[in-house]
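The structures come next, written out as structure tokens.
Shared between the two complexes below is subunit A, which has subunit B as its partner in the first and subunit C in the second.
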Partner chain A sequence: MQKYKVSFPHIANYWVPMKILFSEGLDVEYVVPPPITKRTLDLGSRYSPDYVCAPFKYCLGNYIETMEAGANTLVQAGGVCRLGYYGELHEQILRDLGYEVRFVNMARARFSKPLIIYNHFREINPHMSVKRIARILPVVLKMVECMDEIEDYMRKNIGFEVQNGSLAAVYEEFLTDISQVRTKRELRRAYNRCKKRLRRVPLNVPQHPLRVGIVGEYYTIMEPFSNHYIERELARMGVIIDRWMNITNSLRPSRKRDIRNRIKPYAKYHMGATSMYTIGKALEFAKRKYDGIIHVKSFGCTPEMDAMPALQNISSDHKIPILYFSFDTQTSDTGIQTRLEAFYDMMIMRNEAK
Partner chain B sequence: MIIGIPRAFLYHRYSTLWKTFFEELGIEYVISPATTREIMSQGMACAIDEACLSSKVYIGHVEWLIDRCDKILVPRISYYGPHGTVCTKFQAIYDVVRNTFRSRSAEFLDYNIDTQTPEGEPKAFLKLGKSLGRRTSSSMRAYLVARQALKADELMEQRLQEKQLDEPGIKVLVVSHRYNIYDKFIGEPILQDLRRMGVVPVLADAVNRQEAVNAAAEISGTLPWAFNKELVGAMALWKERVDGIMLVSTFPCGPDSLVNEIVVRRIDDIPILNLVIDGQEGSAGLETRLESFIDVIKFKRDDYSAEV
Partner chain C sequence: MRKAYLGIDIGSISTKGVIIDEDQALLAHDYLGTEGNPIGAVKRLLASIDEQLDHARYKVVAVGTTGSARKLIGAMNGAAMVKNEITAHAIGTVSLYPDVKTILEIGGQDSKIILIDNGVVVDYAMNTLCASGTGAFLSSQAHRLGVKVDRFGEIALRSKSPTRIAARCTVFAESDLIHKAQIGHSQEDIIAGLCRSVVSNYLNNVGKGKAIRPPLVFQGGVSKNVGVVRAFEEATGYPVTVDANSHLIGALGTAILAKKSKSETPFSFQITDINFTTKGMECQQCSNHCEVICIYRDNELVDAWGNRCERGAVRP
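Moving on, here comes the complex of A and B:
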């Protein structure tokens, strides 16, 4: 029997729990996708239709690089919006390019339907053991939660490190630590250790630091390469960065009704994909008197551009500046840098005028 | 009270349904005119820059209706029953319009179809009638009459297309969302050019919807969007009966960007032209592309006849 070497598209640091889920839970070899680089995007763009949204291109490039690294089974994420249709076209394009590879399309998976998920897992490895997966799945989910919590803390503090890179160094170690973790107990220990060490990192927080909230489309907001590392740039400017969107929060459906009620003046209906969260969080940042909001998405992303008229109204109702980024494959780093700096200067000026 | 109906998007699918419904209830309405340059540029000015051209046209029509009526009809649709979902634009458009024109003191009238079952539509129309102060029984009757009228229209259109398919001469299957191909600025110039070249355009969107949705899976198995399923299904059903296929999309249409690529990769026994309209192209450029496409079809035809 051929050995399964499975991979899943890259997004931020989530490959760590993914790897544990696949190798421990499903007993298959997991090929960690190479980090997203310019080459990933170039490869993806070369074989993608022109004006498809960028996550499609990144994932395609990522698949190619993962196969180069030895994967023979590609798991395709499902999801709302166009994501549900990505898989079929990805597969067609890769087959046309001559790749012999197995695809497991999770387009119809819902987290609320364990049976469907189970069937998909069976597809990945028919010999899987339910016990194994039942043992590791809760650990993996908890791990994602811990990561999201720590990253949230980092975003809020990284701008004020006395020594650049000290928080990131602690976090890197945490990632290495948890890649060995197999139980919730071990996870808790690693998490507590990391937290303790993070708190010991010397910070130099000014009295009234600027606070910036980031909202936007699922992939672009989470995969730092695709948003040109704007969080890193903002950190360099010394601001508090607040971002609600991450895997943990997007998986919590219980919050949906809450958000929808709060944004009624701007959105009577659900406008698709992440738009509701975008509007909801932007409104919250505005009400909490943040200094600015940054909206990120890939070029042509319909639900996020449809949220923009609402954002513009929030901006004028609450007198909060919003910077809009729409990334395509041609976007230049310098352009982004310049706009970020201008935005920063403006926030400083407004702050002084207060 | 006068209801304003934008002549864009779902108007091109439901005009009979809407008009009959309002007429039966004795409600006056006004429809924006066929897209003019003015409407188009208003739409471009008011909409978000990178929005698809079709939605800019829609915004332009809504703008035209402000101050010309009491309430503008902007429905919101999320599902087409078992046929699938829609582009998120149709889920969002009501709120997009409301936010875009917030400072213009316009009122909007909506109905919402948000269930995966076919009862969504009648329920939505009863609610719509109620919000206009009509009794449930009269709204129900009006809706049923309107549905009948729409059905009759659709049947007639299907028959006409079937007839076109039997005509001699070069036939091109024009695959495009109805709101694009019937738009004065987007689709009509293309249809006119084709006719002038002596080509019979067959509209994919006039297919029998149920049959098309069933046939779509022959070409693409996981398509989520009802409108695209209809179009893809029309290709599956009719491609043997036409000489070429023209995909006409507006820039940067999300669903079409993916679906067209699948189509081009999977249908390889017939010439396909993939046209993307962004509202900036001159008519001369368009004509040249159409002409050379028709040339390709002709070469292919001649070749085949030489073989037999």
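Moving on, here comes the complex of A and C:
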């Protein structure tokens, strides 16, 4: 019997818990996809329809790279926008290119229906043990939560490091640590150690630092390569970066009705995907008197495009500047750097004028 | 000896430079083509303003750069201030027109809108992904019509019924323009239509969702085109001010910022005799292949950039 070598395209650092989920929970070998680079994007855009959004291209390119690295079973997750259809399209394109791989499309899985998820997992490994997955799944979910919490701390503090890169170094070690973790207790120990070390990193926080909230589309906001590392670039100018969107928050039992009530003056109907969260969080950042908001999306992302008029109204009602970015397959940072610098200058000048 | 400040704005199409004194009065200025060679263009620029400056009375003590080659030229000149063009334009304009509320700017490759309230930038936007409706587009269409681009404005003003030309995208506009010419629209109507399409493209893209309030100041290379100025006035319903030196505002802004930086080192025009070269190389440490640019002064490495991570770092 051929050995299953499973892989899932990269998004941020979530490959660490993914690897544990697949290797420990499903008893299959997990191939960590090569990191996302320009080559990923080149491969992805070469074989993708031109007008499809950038996340599709990144995933396709990363599938090809991970097959080169030995994967023979590819997994695609579902999604709430066009993403839901991507699995099938990816599979077809890869088949047309002549790749013979197993493709497990979890687009139909619903987290509220454990049986369906179970059936999909069985598709990945028919010999899986329910006991194994039941033991590791809570650890993996908790791990994602810990990572999200630490990354949130990093975003808020990375701009004030006395020595550039010292927080990231602690975090890298944390990722190495947790790749060995198999129980919640081990996880808690690694998490506490990391927290303690993070708090020891010398910071130089000014009295009234600028605060910027980031909102936008699911993939582009989370995968730093696809947004040209704007969080890091902006933070380094000395800014607190706040971002709500991450895997933990997006998996939380939805409080959609809550959000809809709060944003009623700006949007009456649900516009799909992450658009309601985008509007809801932008409004919250505005009310909390942040200095600015950045909206990121992939070029042509319809739900986020629909959210923009609401953002413009929030911007003018609350006198908060919003910078809009649309990312496609361009790789030059120059224009992005110009806009970020100007945004920073503007926030400083607005504050001085107050 | 009085202090003077040099500001250089190196855009994709043109290179602009000014020298101002401590009261921001213009002592020297020039405007020339970048021609794809920013270092060469700046050397020519410096040679020209070197001649204009009264060296017996003034000494340049700080340099500011802006525009898309600001970093390169900043490294070359040891600039005290390297500033993005949005901030530079805002600072320059406000110094001349303290009441301005909206700055419209259309340059060679990009266009932007800057909203000002009480002399402070409160919002801005810049074209993304597409260069339609910019100076480069107008130049290429002028070439197609066999007209010099600097005559575009006066020809456009002669038109009684401007031709409708698609504004959404350069490619659509161009094919629309060709078809209209082929079915017999007059040249002046087409040119006037083109000016209108640039304006409606600008207002629909860059200006989308922004409250345009008077006074309006229009700058960048395209502001020299009276046809576009007229089209802006018609579309917004407000008078549009174009400064006689509207092409120099970015350079002026960065010179003012260099002055404000209070970081002073004597600047020598001898720099034009020094040999500056750049070398691009692809980092081979991973499959990202970052394009690292190294700047050499007389074969000595002075600066490098373009690497995403430490592994690709090149240090002087």
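FYI, the second predicted complex is superposed on the first by the 352 of 354 C-alpha atoms of A that agree within 3 Å, B and C clash if a C-alpha of one lies under 4 Å from a C-alpha of the other, contacts with A are read in each partner's own complex, and residues count from 1 in each chain.
Just so it is clear, a contact is a pair of C-beta atoms (placed from the backbone, for glycine too) under 8 Å apart; a residue touches a chain by one contact, two chains touch by 3 or more.
The model shown is predicted, which means the values in this text are computed figures rather than measured ones.
Student: Quick one: is A:Arg350 in contact with subunit B, with subunit C, with both, or with neither? Answer first, second, both or neither.
Tutor: Second partner only.
Student: What's your read, subunit B or subunit C touching more residues of subunit A?
Tutor: Subunit A has more residues touched by B than by the other partner.
Student: Please work out whether A:Lys142 is in contact with subunit B alone, subunit C alone, both, or neither, and reply first, second, both or neither.
Tutor: A:Lys142 contacts neither subunit B nor subunit C.
Student: Quick one: is A:Ser326 in contact with subunit B, with subunit C, with both, or with neither? Answer first, second, both or neither.
Tutor: In the superposition, A:Ser326 contacts both subunit B and subunit C.
Student: A:Ala267 in the overlay: touching subunit B, subunit C, both, or neither? Say first, second, both or neither.
Tutor: A:Ala267: touches subunit B, not subunit C.
Student: Touching A:His120, do we find subunit B (first), subunit C (second), both, or neither?
Tutor: neither
Student: Identify the partner contact of A:Asp50: answer first if only subunit B is touched, second if only subunit C is, both if each is, neither if none is.
Tutor: Touch status of A:Asp50: first partner only.
Student: Identify the partner contact of A:His318: answer first if only subunit B is touched, second if only subunit C is, both if each is, neither if none is.
Tutor: In the superposed model, A:His318 contacts neither subunit B nor subunit C.
Student: Which partner does A:Pro309 reach: the first (subunit B), the second (subunit C), both, or neither?
Tutor: Once the two structures are laid over each other on A, A:Pro309 reaches both partners.
Student: Touch test for A:Phe299: subunit B only (first), subunit C only (second), both, or neither?
Tutor: So A:Phe299 meets both subunit B and subunit C here.
Student: Of the residues on subunit A, which ones does subunit B touch that subunit C also touches?
Tutor: Shared contact residues on subunit A: 299, 308-309, 312, 326.
Student: Give every residue of subunit B touching subunit A within the complex, in rising order.
Tutor: 48, 50-52, 76, 78, 87-89, 91-96, 98-100, 102, 110, 112, 114, 220-224, 251-252, 254-255, 257-262, 265-266, 276
Student: Within their complex, state which residues of subunit A touch subunit C.
Tutor: 34-35, 37-40, 165, 229, 299, 308-309, 312, 315-316, 319, 321, 324-326, 328, 330, 334-335, 337-339, 341-342, 345-346, 349-350, 352-353
Student: For subunit A, which residues are in contact with subunit B within the complex?
Tutor: So the residues of subunit A in touch with subunit B come to 48-53, 56, 81-82, 84-89, 92-93, 96, 105, 107, 266-273, 275, 299-303, 305-310, 312-313, 326.
Student: Touching residues of subunit C toward subunit A in the complex: what are they?
Tutor: Per the stated touch rule, the residues are 68, 83-87, 110, 118-126, 128-129, 209, 211, 286-289, 308, 310.
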